[in-house]
Amino acid sequence: MPTRRLPRRAARAPSFACVDHDRTARRGFPEVIYCEGKTPAQVVAIAKEILSRADVVLATRARKEHIRPFLRAVKGARHHPAARILAVERRRLPKRGGVVAVVAAGTSDLPVAEEAAVTVEVMGGRVERFYDVGVAGIHRILGIREKLSRCSALIVVAGMEGALPSVVAGLLDKPVIAVPTSVGYGTGFGGVAALLGMLNSCSSGVTVVNIDNGFGAACAATLINRQIAS
Amino acid sequence: MPTRRLPRRAARAPSFACVDHDRTARRGFPEVIYCEGKTPAQVVAIAKEILSRADVVLATRARKEHIRPFLRAVKGARHHPAARILAVERRRLPKRGGVVAVVAAGTSDLPVAEEAAVTVEVMGGRVERFYDVGVAGIHRILGIREKLSRCSALIVVAGMEGALPSVVAGLLDKPVIAVPTSVGYGTGFGGVAALLGMLNSCSSGVTVVNIDNGFGAACAATLINRQIAS
Amino acid sequence: MPTRRLPRRAARAPSFACVDHDRTARRGFPEVIYCEGKTPAQVVAIAKEILSRADVVLATRARKEHIRPFLRAVKGARHHPAARILAVERRRLPKRGGVVAVVAAGTSDLPVAEEAAVTVEVMGGRVERFYDVGVAGIHRILGIREKLSRCSALIVVAGMEGALPSVVAGLLDKPVIAVPTSVGYGTGFGGVAALLGMLNSCSSGVTVVNIDNGFGAACAATLINRQIAS
Amino acid sequence: MPTRRLPRRAARAPSFACVDHDRTARRGFPEVIYCEGKTPAQVVAIAKEILSRADVVLATRARKEHIRPFLRAVKGARHHPAARILAVERRRLPKRGGVVAVVAAGTSDLPVAEEAAVTVEVMGGRVERFYDVGVAGIHRILGIREKLSRCSALIVVAGMEGALPSVVAGLLDKPVIAVPTSVGYGTGFGGVAALLGMLNSCSSGVTVVNIDNGFGAACAATLINRQIAS
Amino acid sequence: MPTRRLPRRAARAPSFACVDHDRTARRGFPEVIYCEGKTPAQVVAIAKEILSRADVVLATRARKEHIRPFLRAVKGARHHPAARILAVERRRLPKRGGVVAVVAAGTSDLPVAEEAAVTVEVMGGRVERFYDVGVAGIHRILGIREKLSRCSALIVVAGMEGALPSVVAGLLDKPVIAVPTSVGYGTGFGGVAALLGMLNSCSSGVTVVNIDNGFGAACAATLINRQIAS
Amino acid sequence: MPTRRLPRRAARAPSFACVDHDRTARRGFPEVIYCEGKTPAQVVAIAKEILSRADVVLATRARKEHIRPFLRAVKGARHHPAARILAVERRRLPKRGGVVAVVAAGTSDLPVAEEAAVTVEVMGGRVERFYDVGVAGIHRILGIREKLSRCSALIVVAGMEGALPSVVAGLLDKPVIAVPTSVGYGTGFGGVAALLGMLNSCSSGVTVVNIDNGFGAACAATLINRQIAS
Amino acid sequence: MPTRRLPRRAARAPSFACVDHDRTARRGFPEVIYCEGKTPAQVVAIAKEILSRADVVLATRARKEHIRPFLRAVKGARHHPAARILAVERRRLPKRGGVVAVVAAGTSDLPVAEEAAVTVEVMGGRVERFYDVGVAGIHRILGIREKLSRCSALIVVAGMEGALPSVVAGLLDKPVIAVPTSVGYGTGFGGVAALLGMLNSCSSGVTVVNIDNGFGAACAATLINRQIAS
Amino acid sequence: MPTRRLPRRAARAPSFACVDHDRTARRGFPEVIYCEGKTPAQVVAIAKEILSRADVVLATRARKEHIRPFLRAVKGARHHPAARILAVERRRLPKRGGVVAVVAAGTSDLPVAEEAAVTVEVMGGRVERFYDVGVAGIHRILGIREKLSRCSALIVVAGMEGALPSVVAGLLDKPVIAVPTSVGYGTGFGGVAALLGMLNSCSSGVTVVNIDNGFGAACAATLINRQIAS
């Protein structure tokens, strides 16, 4: 029964993980590492395994303990602190498609917005950021409407009542991917109020991802953006 | 054991109800009848009992079966169908205070909005209605901003994601009472999504009442409005 | 106080509704009518109002009582029963973009899938349907992988545990819009189990709309598909 | 990609925040800082930005780590520990309107009650406090009824079953803003039981804010109170 | 496989039910029939089976279709319509213990209150009824305090926010059994708000039964009351 | 666009359904028809399609409208009313394995218990039924312990608090599959209370299926029982 | 504005608390201190205030930081560690009534069971403890049936599925007060599964208190037990 | 009143626990210790008590603080770190039945999968492990189908949307026990999304245990596997 030796082996080769090397072929980007719940050694091991057959690695939700070991052990690694991302880009992916807008309602939504923005960039997309434009001061959104309408996809990040995607989508004819954040308290229920607001948007065409899932929104935006002639 | 005779007596005198005649003195308006779950005979009996000491009666959530018996049995009664209200105003209450705005997001929110508007009116307030101004077309709200800012209190009715109160409150310095409606489907959860949106509003100073509770919002608005020099 | 006359007026002109005629300019398609909670007369009145300035009208969630009055009163109207849609296409919108795939897990998911498919078509898109390919027999999905990979966006409809979008998205590099349906019982909670399954998909890039919201998924797919060179 | 420099810049100028300087004009009080989820440097930077155009700043939910940096960096700052508030009043707002009552059910509700009371005061209102008057000893409430009836608005703070607003509102003809607190355990669900109790109050005219949202209740009370001739 | 014959046999002898004849010995009262979900024939058959060894039968939640067949088929049967109870008392149980108070907040709570009151009476207890004494008019409760304090157990029935048991229990040194009712709408969630209010009562010693479970409260009150020297 | 013709075709051949004929090979039993949400014509068409390659068909949750059309159109069909099942057994499956016990807590749990029992039988298993043995009279369970211990798998069906599987499993060394039923009211939440009781069973080894899912429990029991030498 | 001085004053005299000295007269026992959320100084101050007019003080949910200061500052204080209770009994209350049984399902339920047991004792009752008798081994309960049947009230404490009160109540004719505990994980939801199990008990007459509320159960048992001739 | 001495005694003999020594006879394995919420001394004491009459002891959910004291105090004890299990096997149980497959979706599901695997092994079963085979790369599952089909029972562990058991069960004719894990974030709700996915599986015959309950799944698998001729 080999369970006792399991963690030790982990630091050397990811026997605990069965990396899906075929993913680049199927989905256009190699497997991404979700750091939450993994040891630094496990993250490093999986990253090296991926890099044995790919030029790019993305590791999201990096916590303090992952940063140093990763930067030391993985050559060419870079830390994006505001996005909580560790990335390796041995060969930058060529820029494809149009521009993805990342719009955020408040200062506290920034980590999620940055996770989305950096992910789109590492996956080969162009990003324009529009931060702190919540619906409590509607003139701020109206002021950027022109710029937003020129993007090919919008990622709209908001906590609390999550009304921003409704207002933005009502102004444009571009796909809006809404990201609820866990920002708020009491009946915000860790992002559920924002999520429900977005799922029940009176502006048609808004689609939604899991709470705080900036990464997922970026994947969706990339799959859209890549198909567009730049 | 007198339980068997209970319903029969009900049609004659409200032995089953202990009407709070002191309420006008304490709260400025007599007890109001919530028709839901009461037989037409019970509603009529309570209305007569209230009218034995007051000039005004308000009965909310009147269903089809209540209308005829009430209009026949209670002298001076009037039916407000869009508001689902039966009312008697033997002596109109003198108009006091400023104007209460009733703002509604969509066509389906009208029954709740009208319940609020008619209640304010019967309780002696002036009302201005602003209907079908949802956030999917934000210009409709901006267009009425001037008028809204002259009211002393706003009742804002919305279903689905319930974002309208946030947008309205962000534009004004007047108290906004938000009424979530059960309009929507799926994750609207019968008005819960709208309620959560309103409780988590990023515009400060929004207060909220129960789902579909146009009557409650009207009471609150009346208690505010009455204090204001007209 | 004009509330009593409100319903009567409704049959003539939508005074209760403030149609957003500017929407075609902003969003590329005129306002859509959600029939649920509206009388046949209201639906007809709004449709006529929209047609006074547009060539296309879409009315979703049409119930039995809406069909006849609509077909009689609105010239050129057509009923799509499997989709519960009433539509008028005085001038067909020119086909733009690639093909949108509509994939459904089971027979009971068909009404939602058809709502999505017909909406995409009326909005000017091409659709390919792939029905009854649930994950209990995984070979059915693998068999259509080639065809799916040639579409520009996928709408994947599923009830119960909602696993189909995860499996489909894992095979392709195209955006997947997942639609949970209220099909199921007990802990399906009217589609909540499927919704949660989709929001927590282990395949990155899946975005989600409200339960049974085939229309919303179609809007999102159209906004994506329209941008693609056909 | 400037994400790495983002936190450093934050300490100097709030590039991450787009302060809504127009808010005093629109809403009668400058933007308020919600400290939760912001670094001390961010709070200080936003405060200074606001003070560049306003005389008053209010920062709520100040945690231990915010106090010192704020008191040092912001001239004229004052800490209200029981209210968890940091405030600057370079020029006291003139007292307007009547008196706002702040009523609290138990000792543990004090932080929320004080947040409400201090906010009303900084926003230019007069406050009277009535603490520890829960419904388990109803005589305590009856004893202050006279005083309460002379206020222009009441903020009623309660945890557990949240019954206090119902009892208080039933005695008076003034608007009652109910604040549920997260005080309690088990099925209190962090304030949800109190919130539901307040939303379902059998005393008409009670409006509700988010759990623990003393600040929001104070804003609503201020918007009411300001309109009243003092 | 005898399933097809099952329903037919049911009308003759309760083969589908295994009546617990020992229950009178163990618990002091024979098995009680919950009519909901049982056919009239099943209810009659179980009643007869119980009466083959006991003198009393109680059937709760009797619906319209149960009444006639029961009154015809079961000798000595009596219908208590307000309580939705069918009962047979061939030999009245001797009155034991003190008096059980049944207190109800509103008119709509009567069916549940009567279910409780009639059950206590059939089980051999004395009952005093106090109806329509909700907390919106607190003087009504204070007026009956004397009488309530002389009872050995109180059943307090309330819907909406369920605050009545807290107020009543705070005035007395007798056990209070709280019964939440499904009266209310929106966030009343079919009695859940009242239930939570009661479970979180700030008055110690309140115990709670399931929503609308007047019968269960009566059983608990009987088990208490029986032990008291009358 | 062929949607209009879809329902008509459905009555002839299941073009809307893609029957998984390979299922017998993979799983040992052909695809089963869940009647809920399907028209009688659809159910008949799918049944015939299945019978074109298999000797047995099982259709669960048959409603009144399905019975006659099915019995007429499908040769050899039989209706099991207590189980709400329509079945065709052209060739009885040979009996394999041991005996499956079906244990039910109350009379109202019978439809779910019978669905389980008949399903096991049609799938080739032997069944022993033990009904109306709820935990309120624990002696009834102890009395059948011997018999239960000789079965190879137990299906235990219970509503309300769902405690029966815990008690049964604590007495035996055989696998217990618990089926929560929607029997109950108020906080029973349509079977959720029973489900949670079973998932949190203090007797180890209890596994659970969806609420009212007697069919699913029977499948699991059959997969277990089939492997056992009879 | 005296908020800053509030905490300091707290250590001297409970100005923040308005002790309900009348409670002994009304309810038979002085106000009880719930330590959770109070500083040690606040707890001591309230205790002294109560002792200025009463001989007994009970403080529940005492945390580590409360123990020492309390034992030092309050003369005659005693710590009951297993019950998390601090108590002062200057004059023992005379023993009244019969015996209260405290029954617990598992080792982890002990803190709640002991809170109940010690509270009953301090309030003047006799207690008999029956611990670790969960339903996974039903013989343990049957073995104590005789003893339980001689008690005047039973407090039954259980976590996980909360089935113990159903089984116990089914064996006896005495009132059972069920206390759900937060023991468990996953779908135990911090005691909600146990609570629902108890509210939906198939044994009539079980009443329930809040999760982990051993104190509340003890109050209810005391109010019952006190009335019984010992 | 002996409560003060309770914890001290605990270290010597489990007076607080009433070990069910009869369990081996009834259920085939002695009582198992759930370490969560127990002190190291309590765990050791119970283990010794069990070993006084049995040869095997299993303690699950061992936390860091339990390991050392247990390994020192209990002779022959062994720690399985990946499974969080402490076990003593004085006499290995003879291997019975076939092979149990333990299948896990992702790296983060390993602790739960190992808890299941080690439990089956200690209880006398053979185990085969299949890890990191999530549905995002469906080919990984198809590749192990042959091997899985030879096992007598499958334990399938998955977090997030919990789709793996549906896909696996759809390929085989063996019983699948699904274990949802708390892996995920946001709307994963600590494993609830995975649990619901599994309860609503479209593949018939999947049964489910509590979130993270690898131990319970192992017990069920053992009860199945033991009956099979090896």
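Think of it as A, B, C, D, E, F, G and H in the order they're written, each chain with its own count starting at 1.
The criterion applied here is as follows: contacts are C-beta pairs under 8 Å (C-beta built on N, C-alpha and C of every residue); 3 or more make two chains touch, one makes a residue touch a chain.
For clarity, every value in this text was computed on a predicted model and none was experimentally measured.
Of all chains in the assembly, those touching chain A and also chain F are C, H. Path length between chain D and chain F in the touching-chain graph (shortest route): 2. Over half of the residue numbers at the chain F-chain H interface are used by both copies of the sequence. Taking each chain's centre as the mean of its C-alpha atoms, the one that lies farthest from the centre of chain E is A.
The equivalent interface to F-G, defined as the listed pair sharing over half of its contact pairs by residue number with it, is D-E out of B-C, D-E or F-H. Centre to centre, using the average C-alpha position, chain A and chain C are separated by 27 Å. Per-chain CA centroids place chain A at a distance of 56 Å from chain E.
In this assembly, the C-alpha centroid of chain C lies 45 Å from the C-alpha centroid of chain H. Shared interface positions of chain A, defined as residues touching 2 or more other chains, are 136-137, 170-171, 186-188, 192, 195, 199-200, 204, 210.
Inter-chain contacts, as defined above, occur between A-B, A-C, A-D, A-H, B-C, B-D, B-E, C-F, C-H, D-E, D-G, E-F, E-G, F-G, F-H, G-H. Put simply, chain E touches chain G in their complex at residues 26-28, 32, 98, 152-153, 170-175, 177, 195, 199-200, 204-210, 215-217, 219-220, 222-224, 226-229. Only residues 105-106, 134-138, 142, 160-163, 166-167, 169-171, 184, 186-189, 192-194, 196-204 of chain F touch chain G when the two sit together in their complex. Of all residues in chain D, those touching chain A in their complex are 1, 3-4, 6-7, 14, 16-18, 20, 22-23, 36-38, 42, 46, 180, 182, 190-192, 195, 210-213. Here chain G touches chain H in the complex through residues 79-83, 107-108, 110, 114, 117-118, 121, 131-133, 136-137, 139-140, 183, 185-188, going by the rule given at the top.
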